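What follows is chain A paired twice: with chain B in the first complex and chain C in the second.
Coming up: the complex of A and B.
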């Protein structure tokens, strides 16, 4: 158990000064601006926004600068900041079908309405270090080739919907409550609303490992990428001062629709099932892993045996948040002096007792 | 006042359109438009600019059960602007933490309700801003379209 301690103010202050100096690094090297981080380390910013659960590229970039690039620390900073703000509204559900896409691919269909748009992807790069980035160069410029992209592209999974080959996602009634982990603690069993919110905030590395485990046979679900799309969607809220809804701007999101196999049951003919992933910014790996884990967590609902870690709600959901996990692991660094003293006394007593017993046994044997 | 409003009211759809454009307009452009006004109207704050959060909602599978994705920072401001001997309420909700931008959006929202100001705001601010947004969107769409790929499926060799 951690017990409160007093004192050490001067040492703590000096430690923070040293941290600030080390954060700055060599003063002969120009200081990074928050705008540079926002523009040039944008995927790091996107991860901090997604797991920090606040869409604000400037604040996420600031958090990264303050945290010396430590993502989990930056996420913690953003989460702490959000607690200082009032909530004005809850948005209408964003419409990802009306996304202005920067990327949209499917691994199920070669040809689909609207086509496969690779967008700004690392895919098909050779993963060779680009030494030209060491030198200051001209800003590269992408170009069009005469084509354009429609304002709304159909969801690829709808192509399967048309034939009835995939389960349908049905909207919940408008007056149904929607769980909110920022307001209520996690209770089990958790509905899909709460699970998806938990996974959206979850640590990317953790979800990646869990998603990977389902591919390797722990809760095999035979996934295909129905569709991945990234781009801008508008956010609309009901404005109480006006009495009608207003579109307040665009946010970038990445969506993954995973298509999974399903054997069918006594009552249902075989059809594909679905897993869903959604993140702020360009966080494709996160969205894919989230979709795999979302599908795995639906095991019970789909009549599958719960045998693997990724299917276990309690295991997955209670360990997903890196702010909580980091806090609990790292609190071990804090003074546990009293606790440790009592353990020390206990071990010493036990050892003394055992030693005494041995001595007694030896004395008896010698007689 | 709000009770009389219906969502199909053309006055409401016009206001929604203006607000959607203003929310996406660069703060500098809004400030320039304000500086360009021949006569600044008198106004007071009904709600001073304040930054808060909007919880962004999504749907499972894009169309199904609703869930909370995460929050976004939003700044709001409500003003009452004096125009033609009465007060007009203007509302600004903008993404991010720019208090002045929220205030300017609210001011232009109110001024655009005044027939004396409306045509000039529409012509000098709204239309150019809308054009700029459309151009930006089109430019991006063209660059993305150039990444459209046709994969050829090769027959897999057996044994």
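Coming up: the complex of A and C.
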């Protein structure tokens, strides 16, 4: 006698209770607050906001807490929340030249107007575990002002403009609204607006590997960091009823302008070209990798041969989203026994046929 | 009474619209569905939304269901033919929370059926809609990975590569070695992927009385087979399309006409076959059909 297993519902409920218990860990250890995560794991929060496409440090911290620190899961939680939000307005383009910078560096020039400002960076730290953090320490105090040197610092890449050495970036003349992948499906070939949105939401590890591949010869583009700047910019929206734009708040962003050599083509003299990266918070690695991949994806537009994975729009854009990728990879955990049964039946049939043929051949040989 | 009233009684989750998606999004999806119905088998791109379940777990089917479900619908959700597989339970619970509609495990009682990997054994009616969850909508994808190319191939009805693939199967193995996800021509125009259903189910799509909708969330495509539409599996005159057969009948209900799952009973090769469609199987058992391993039928066990 056989009774088929039932009770998927009870199993799911129990599994989720176990998950909640494991998330909390040892109850003798004080529970993390969302504020602690927001303040002390801020780079994790920044990544979740960037790839989750929502600027809200509290919600990102909550997502991280709920996801037990799993970033991709936290990004998924935030995205699934984002999809339910109404859309009130589209902001005006943020003006990063007017950023209140806390970090700003260029590798192209030793010095430039406004100077180099290291800001809060892991760069030049020696990666030695700091055992003093094991114990409770005093709150460290930085010396000097923490940035915000000037109201407006010129963009380094614009300094190259004077000589016409670098390509100009102008808005599309047709004044068309920018694409939005969260409303419209990706259609190819994709314009740069859609590509940049895709890359901004893309998995950091994926972009890092693709960007790295361009440095190792797969679509080499001779990159220099024209400028990286991090800081606060204001977000403005147009209010039609008022007839002027209103500042609705500040966000922290990191911008990377990559400057790349371009040997020129039949129609264009040699000059420098650009790759662009932007992230929420201090996700600097992400912004740099994004800029490398953005430049690689411009191959066709600049008349370069498309030979490497990072230059292949369809390959790069279709596989960049970690919420999509994680879901589809992990859906292999779902039951597939119907498909598998069909395959089993087929493989058995094929094996039986081959066995019969062999037997037949042996019998003929014996005669 | 088999409709699960306990589900229907629960209130929907506060702060969310009926069926989760906002009305504008539902309209966008319905427009895509209308287009899909107007061009049977054609993959309509749509602005797929992020759902609170992972991509690849039925987000496309869920968006289609959310767009067409109404308060009076009776919903059935199956995965691998069964109502009690974990993901079917999870999706049914989602719609119970988000709509409060009645759910059922009975195929004949459902007005809306969301499925993964199977078509119910019982013939559907004109009053039913079958929603398929689709992981990869493009039938030519394993032959041509580029979407830009496959769209062109559809536009030109350039399906020779698929015939060549099937021919190569025959020359290599003696027969076509596609066991599930069998390619079909819809209404004589578009090559279509029936989501991964076993080829056993493929003939059920042909001239089906129900509206069949296919949703691929991650790939952002919707397509449809309207009621009474011709759906023809690709084959050759001398190698006609055939469905799989089993050496045994269902061990519980003795059905010889249903898709059977193989259940391993021990580590010495012992196994049994049971209907993958749990509703079909229990209905047959209720009607008195007994398989070789069935328990004696009890009235209360069926409720």
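Everything that follows uses one rule, which is that the second predicted complex is superposed on the first by the 349 of 367 C-alpha atoms of A that agree within 3 Å, B and C clash if a C-alpha of one lies under 4 Å from a C-alpha of the other, contacts with A are read in each partner's own complex, and residues count from 1 in each chain.
The rule is simple: contacts are C-beta pairs under 8 Å (C-beta built on N, C-alpha and C of every residue); 3 or more make two chains touch, one makes a residue touch a chain.
What you see is a predicted model, and the numbers here were worked out from it, not measured in a lab.
More residues of chain A are touched by B (comparison of chain B with chain C).
Once chain A of one complex is fitted onto chain A of the other, the partner contacts of A:82 extend to both chain B and chain C. In the superposition on chain A, A:361 contacts neither chain B nor chain C. Judged by the touch definition given at the top, the superposed model places A:93 against chain B, while chain C stays out of reach.
With both structures placed on the common chain, the touch criterion links A:20 to neither chain B nor chain C. Of the two partner chains placed by the overlay, only chain B lies in contact with A:119; chain C stays clear of it.
Contacts of A:248 after superposition on the shared chain: chain B is touched, whereas chain C is not.
In the superposition on chain A, A:152 contacts neither chain B nor chain C. In the overlay built on the shared chain, the residue A:187 is in contact with chain C alone; chain B does not reach it.
Common to the chain B and chain C contact sets on chain A are residues 82, 86, 182.
Residues 1-3, 5, 7, 12, 15-16, 19-20, 23-24, 46-47, 50-74, 76, 78, 89, 91, 93-97, 137-151, 153 of chain B touch chain A in their complex. Interface residues of chain C, counted against chain A in their complex, comprise 16, 20, 22, 45-52, 54-57, 59, 79-81, 84-90, 93, 116-118, 135, 146-148, 173-174, 177, 179-181, 196-200, 218, 220-221, 244-246, 251-252, 259-263, 265, 272, 274, 276, 278, 293-295.
Listed in rising order, the residues of chain A touching chain B in the complex are 49-50, 53-56, 58-59, 82, 85-97, 100-103, 110, 115-119, 142-149, 155, 157, 168-172, 176, 178-182, 191-194, 196-197, 200-201, 234-235, 237, 239, 241-251, 253, 255, 257, 274, 276, 278, 280, 294. Considering their complex, residues 1-9, 11-12, 76, 79-80, 82-84, 86, 182-189, 314, 318, 323-324, 326-331, 334-339, 341-346, 350, 353 of chain A touch chain C.
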